[in-house]
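Same chain, two partners: subunit A is paired with subunit B first, then with subunit C.
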Partner chain A sequence: MLRFAALRLGRALLTIALVVTFAFIVLRLSGDPAMMIMSPDAPPEALKAFREAWGLDEPLWLQYLKYFTAILQGELGQSMRDGRPAIELVAERIPATLLLTLPALALKIGLGIPAGIYAALHRNSMTDRVVMTFAVAGFTVPSFVLGLILVLIFAVQLGWLPSGGQEGWRSVILPVISMGLGGAGVLARFTRSAMLEVLGQPYIRTASAKGVPWGAVVRGHALPNAAIPTVTVVGFMVGSLMAGAVVVESVFSWPGVGRLMVVAVANRDLAVVQCVLLLVSATMVTSNLIVDLLYGVLDPRLRGQAPAAGGGH
Partner chain B sequence: MRKITRRAAGLLAAATALPRFAIAQADTRPSITIAVQRIANSNTFDNLREHSNVGERTAMMFNERLIEVDWRGNLAQKPGLATSWHRPDDRTVELKLREGVVFHNGDPFTAEDVVARFSSAGMFGDTRPVVDGKTLAHAFTGLTGQASKDLPKEIPPVARRLWPGLDRVEIVDRHTVRFINATPDVTLEGRMAAMGSEISSHRARAEAASWLEYARKPVGTGAYAIREFKPDTFLVLDAHDQYWGGRPPVKSIRLVEVPEASSRINGLLAGEYQFACDIAPDQIGAIEANPAFEVQGGTILNHRLTSFDKFHPQLADPRVRLAMAHAIDRQAIVDALWAGRTSVPRGLQWEFFGDMYIADWKTPEYDPAKSRQLLKEAGYKGDPIPYRLLNNYYVNQVPTSQVLVEMWKQVGVNVVIEMRETFVQLRDRSQPRGVRDWSSGATLNDPVGSIVSNFGPNGAAQQAHEYANEEFSRLCVVLETSADRALRRKAFARMLVIAEREDPAYIILHQAATFTAKRKEIKWRAMPAYQMDFNPGNFAV
Partner chain C sequence: MSDETLPRAAAPPRRRAAVPVGVMMAMAWLALILAVALLADAIRPFGITAMDLRARLQPPIGFGGTSWAHALGTDELGRDVLSRLIESIRISLLIAFGATIIAAVFGTTMGFLAAHFRGWVEQVVLMLIDFQASMPFLILALSVLAFLGNSLPLFVCLMGLYGWERHARIARGLAIAANAQGYAAAVRHLGAGPLRIYLGHVLPNIASTLIVAATLSFPEVVLLESGLSFLGLGVQPPMTSLGNMVGYGREYITRAPWIMLCPSAVIVLTTLSVSILGDWLRDRLDPTLT
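What follows is the complex of A and B.
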């Protein structure tokens, strides 16, 4: 198990290193930062001073080395628009984003997985069809459309909830539902499919034939075996906790990481863009690492395998 | 010695406590929330840095100028922080400052604050008052000088655009100052009333840790003081109860940035916002269908235009630019996209200019046949011309651009839209520029505040190397330095001919209009400007 975990951890670190490198290359290829920030009309001496101040006059390999070293030391640069360390700007937005994405994740899991299990256990029944209709509707309607519909009903018509902004717990409800329902639909479909596949396996029939109560068969044999694909999807959802609310944050004027990212990209605030990219990639990689480790817990046969064979994501 | 009994002491204590309590109880003024598309482009509030339409909206809530425009009346100049002024000669204006004015930090307003604002450290840097038709370099940067107390380098070129010839401001006494220009200038009073001439506390500016700290919370004399600003999110202002103009009618004003128009309207209808700004004309009917709401506003002293980079190979021939101007059916745009709620102006001017208004001037008429003829004469072969614009920074900007592209296509001009996110990107010279969206406002009641300020030697167009015309620049100097009103009027008329027909710098589209939705029970009147007025006398519930 230790070797399994070490291999996964190594792969996660490599992925982050690749993202860091990719971010460096893309940001450097997308134009001379000095020209973009100081503008092409800036006097040559100002451009020169800017390049020297930011080390842009050094060879690319040296810039990359310094950039990589700085990241390892937790130095992510200063926002060119705000003047403060980029990490500070991003960090102060994280709680707002998590305030939406964590409850939305709970809603996805709490609603999607039971619905999927229920639908699988009542396959082809009216309940199954109703659940799947809602699931398909949930993940096909874009979150911003759902958000606007919810606002029209619950804020404008009924006046029960705020239409946007961050004004107390009531402001959280509509954005969370907008994000949560779509994810719940996805999870319901995945869980149902996984359950149906497992319920058709010989060992389920064997357990039933041996007289094991149906509830015990489902809990003891079907659910653990159906968990792997579901855990994979949940892993993706956990990974998108930081970046998954960009659209919803705009619709609900929510001051989170998503809106910061939109503004930073629009203003070419490179340090902030880099910082958000690193945060998002680190979250995604960490989430995938945890999922990898969970595979080993859920299925002991995977513990001895090489990294490439275990995932599927 | 008289004995103070316990009872008397109790009564005394109650007496001293009661008035304070009563004052606190009496403050029943409402607090309001205003939803806006954007609070500030640069996330600062010094109007030489935030020299924008959105900056104009908030500026006069917390700042004031020496001379003001009577926005509620006939747009004439009226006393602001100065109570009176006179001209000892055609280069000098002497102003008597208003006494009893208090800054938000409690400091009294004096001549020192005026001198500090119009100084090298306040706005001019190392530039000199030379009106010679030459262009000052402009960096068009992102925000600079964050950690320093120094003036950011993008400020002086903007300041010189507004005050090209100002030599110095002298203190006559504690409440009298003298503005001395290097050249004669009949528009000095107008410049004092224009955006960028706001006065803030010189002590607060000096004590701020950096220019950015000052610019995020200027300490002015306006009816409301900035309490908190969270960039890209909200701005909160509190009533400045020592305001010389009377007790502000609103307890606190909260501006929230809501980029989506539908979200602004939903929030208004849901009762979370009392005002929703930047409403498109096609949404007015839907809002007013609810009897509790109304939309105010209309045309303002600002024209929407597209401007050229005349150095683009396809636009070098002025006939191509003129052909593009003749290809536009402006009235169709006004009718289709603005429901007729704005109008097509007579070039880059307003009646507000008084005797400088050229009443018989007309913007190039819609004439597709003439366009085709001009293009033929110019030998235009249909090569693409880039057209840069922002995503609805101006109301109806994107639909207008799509209509324009189709109209140009009808006469054979191949214009390709390139969306951009910032004004810096609009002016970026590293890629070919052709046409870009812009607006021009009458910052003062004279053409120097618009055509000269935008397209003159130190206007943004020339500073960004988009336009140049020797005769035009020479006439700008006449407008800026001559005291002969007839000569100035003649020069302006000729400038319109050059900039709109002979060597077009821009195409006038329509007069800008701005619409603000609000709850009907709030008695408030929109000004013919972007600025929102919540001063005493313009707000009641």
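What follows is the complex of A and C.
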């Protein structure tokens, strides 16, 4: 189990290193930020001074090395727009994003998993079909379309809720619904198919045949086994707590990390984009790591296998 | 998941099931959309930038509109919504098809390379697959777009990076299985080179699974493209795409909701149709795929 955890941790760190490299390659090699920030007809001395100030005149390998060590020291550069540390700009947006993504996650789990379980237990019933229709709709309606339609109905037509901005709990409702419904659909669909696969297994038949009441079969045998693949999807959703709100925050002009990212991208603000990229990947990698470790807890079979599987490499 | 411990009961020979109504409707919608995309220049009543300033923000027919010349109304500059919708369908489909094909070709190639060379090549491919699968693609795409600037070919290639890992994973698994089977060994012993074995023999045998995987990622590419264009970071004006139209229409949501509702409806119907078709194809061709 310890070796299993160590291997997974190593892989997580490798992924972060890959993200850092990716960020460096894409963001640094692709253009001349000095021209972008200063405007092309700035005096050459000013451009030169800018490049020196940001270390853009050094050889690339040196820039990469410096970049990497700086990140290890928690130094993520300053916003090229207003000179404030990028990490500060990003950090102050995190609470606003979590204010949307956490309730949305609760909505996804609270609605999606029970609906999926119910649909699987009542396969081919009317409820199953209704749930699945909603699930497919949740998956195919993009969050910005759903968001705008909700605005059209509840803000423009009925005037019950604000269409954007931060005005207390009432402005949270529409964004959370726009994000949560789609995810609930995905989760319902996934839970249903995981449950159906488990319900078709011989051990379920055995348990029923030896006289265990159906409710106990579902609780004791079906749910724990179906939980294993479902945890993966939930883990992915937890991992996208930071990134999941990019589009919806823009729809509702919500001052979160996603909105910051979009604005930074439009302004080509290197440091801020890198910072968001790292924040998002760190969240994602951490939650993948937790999911991997949870697997070991949920599925004792994996615990035995893990060292063997890892031993070959 | 786990290997089947019991052999599956042999499926009884059955007649070809009739195509369900939902699938028929999905096919009909997709045929219509494809026809619109192909014939866009011929059926578009107005140029997409043609302005008619005296007829600004006209509602569509049936919602108070009176002019059949602008059946779906006009936008804030008096441009015909129907014409712009037709052009948007063409651009969005072009991007989605281009990207799906790039993802399928790139992913399958990587999968075959991993299956053929094994060893460190396979490890690198698997690492890239893990990396791609564990990162939210929207964030990666945003970073690339902002710093490489934006042009249509670049945008299509970027979208083509979406979903390659799914193809790579499938192609690798199936090619490794195929290599262990008689037919691949047979052509190898007959002296066929790797290129011939993979393209001429393995690929046709696993194509149905790859096609299903492509139909599953197509709607996701449509959603991704429209999301990025909605944010103003995808297709750039004067070109227009479905997401782009929604993004601009949003400014007029109170006065002229049709500008935003028309492209939204097309996005939803199209992704829905491809999903229905993809699910149906999967059930028929390869029920093991998730």
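One rule holds in what follows: the second predicted complex is superposed on the first by the 303 of 313 C-alpha atoms of A that agree within 3 Å, B and C clash if a C-alpha of one lies under 4 Å from a C-alpha of the other, contacts with A are read in each partner's own complex, and residues count from 1 in each chain.
Going forward, a contact is a pair of C-beta atoms (placed from the backbone, for glycine too) under 8 Å apart; a residue touches a chain by one contact, two chains touch by 3 or more.
Fair warning: this is a prediction, and the values are worked out from it, not measured in the lab.
A.B. asks: Which term applies to subunit B and subunit C once both are placed on subunit A by superposition, clash or fit?
C.D. replies: clash
A.B. asks: Under the stated touch criterion, which partner chain does A:Met80 make contact with: subunit B (first), subunit C (second), both, or neither?
C.D. replies: first
A.B. asks: Name the contact category of A:Val280: first (subunit B only), second (subunit C only), both, or neither.
C.D. replies: second
A.B. asks: Could you tell me if A:Ser253 is touching subunit B, subunit C, both of them or neither one (first, second, both, neither)?
C.D. replies: first
A.B. asks: Just to be sure I read the superposition right, which of the two partners does A:Gly200 touch: subunit B = first, subunit C = second, or both, or neither?
C.D. replies: Neither: A:Gly200 stays clear of subunit B and subunit C.
A.B. asks: Which one hits more subunit A residues, subunit B or subunit C?
C.D. replies: On the superposition, C touches more of the residues of subunit A.
A.B. asks: Report for A:Leu152: first if it touches subunit B alone, second if subunit C alone, otherwise both or neither.
C.D. replies: both
A.B. asks: Go through the superposed model and pick first if A:Gly164 touches only subunit B, second if only subunit C, both, or neither.
C.D. replies: In the superposition, A:Gly164 contacts subunit B only.
A.B. asks: Give one of first, second, both or neither to describe whether A:Ala266 is in contact with subunit B, with subunit C, with both, or with none.
C.D. replies: both
A.B. asks: Just to be sure I follow: which residues of subunit A are touched by subunit B in one complex and then by subunit C in the other one?
C.D. replies: Dual-contact residues (subunit A): 31, 148, 151-152, 156, 250-251, 265-266, 268.
A.B. asks: Considering the complex alone, what residue numbers of subunit C touch subunit A?
C.D. replies: Its residues touching subunit A are 1, 5-6, 123, 127, 130-131, 134-136, 138-140, 142-149, 219, 223, 226-227, 230-233, 243, 246, 250, 253-254, 257, 260, 264, 267-268, 271-272, 275-276, 290.
A.B. asks: List the residues on subunit A that touch subunit B in their complex, please.
C.D. replies: Per the stated touch rule, the residues are 31-32, 35-43, 46, 78, 80-83, 148, 151-152, 155-156, 159, 162-165, 167, 250-253, 255, 259-260, 263, 265-269.
A.B. asks: Which residues of subunit A touch subunit C once you look at their complex with the stated criterion?
C.D. replies: Against subunit C, the touching part of subunit A is residues 11, 14-15, 18-19, 22-23, 26-27, 30-31, 136-137, 139-145, 148-149, 151-152, 156, 193, 197, 202, 229, 239-240, 243-244, 246-247, 250-251, 261-262, 264-266, 268, 270, 273, 276-277, 280-281, 284-285, 288, 313.
A.B. asks: Over in the complex, which subunit B residues touch subunit A? Could you list them?
C.D. replies: Those residues of subunit B that touch subunit A are 43, 137-144, 146-147, 153, 210, 212, 230-233, 256-260, 262-263, 266-267, 269-272, 421-422, 424-425, 427-430, 463-465.
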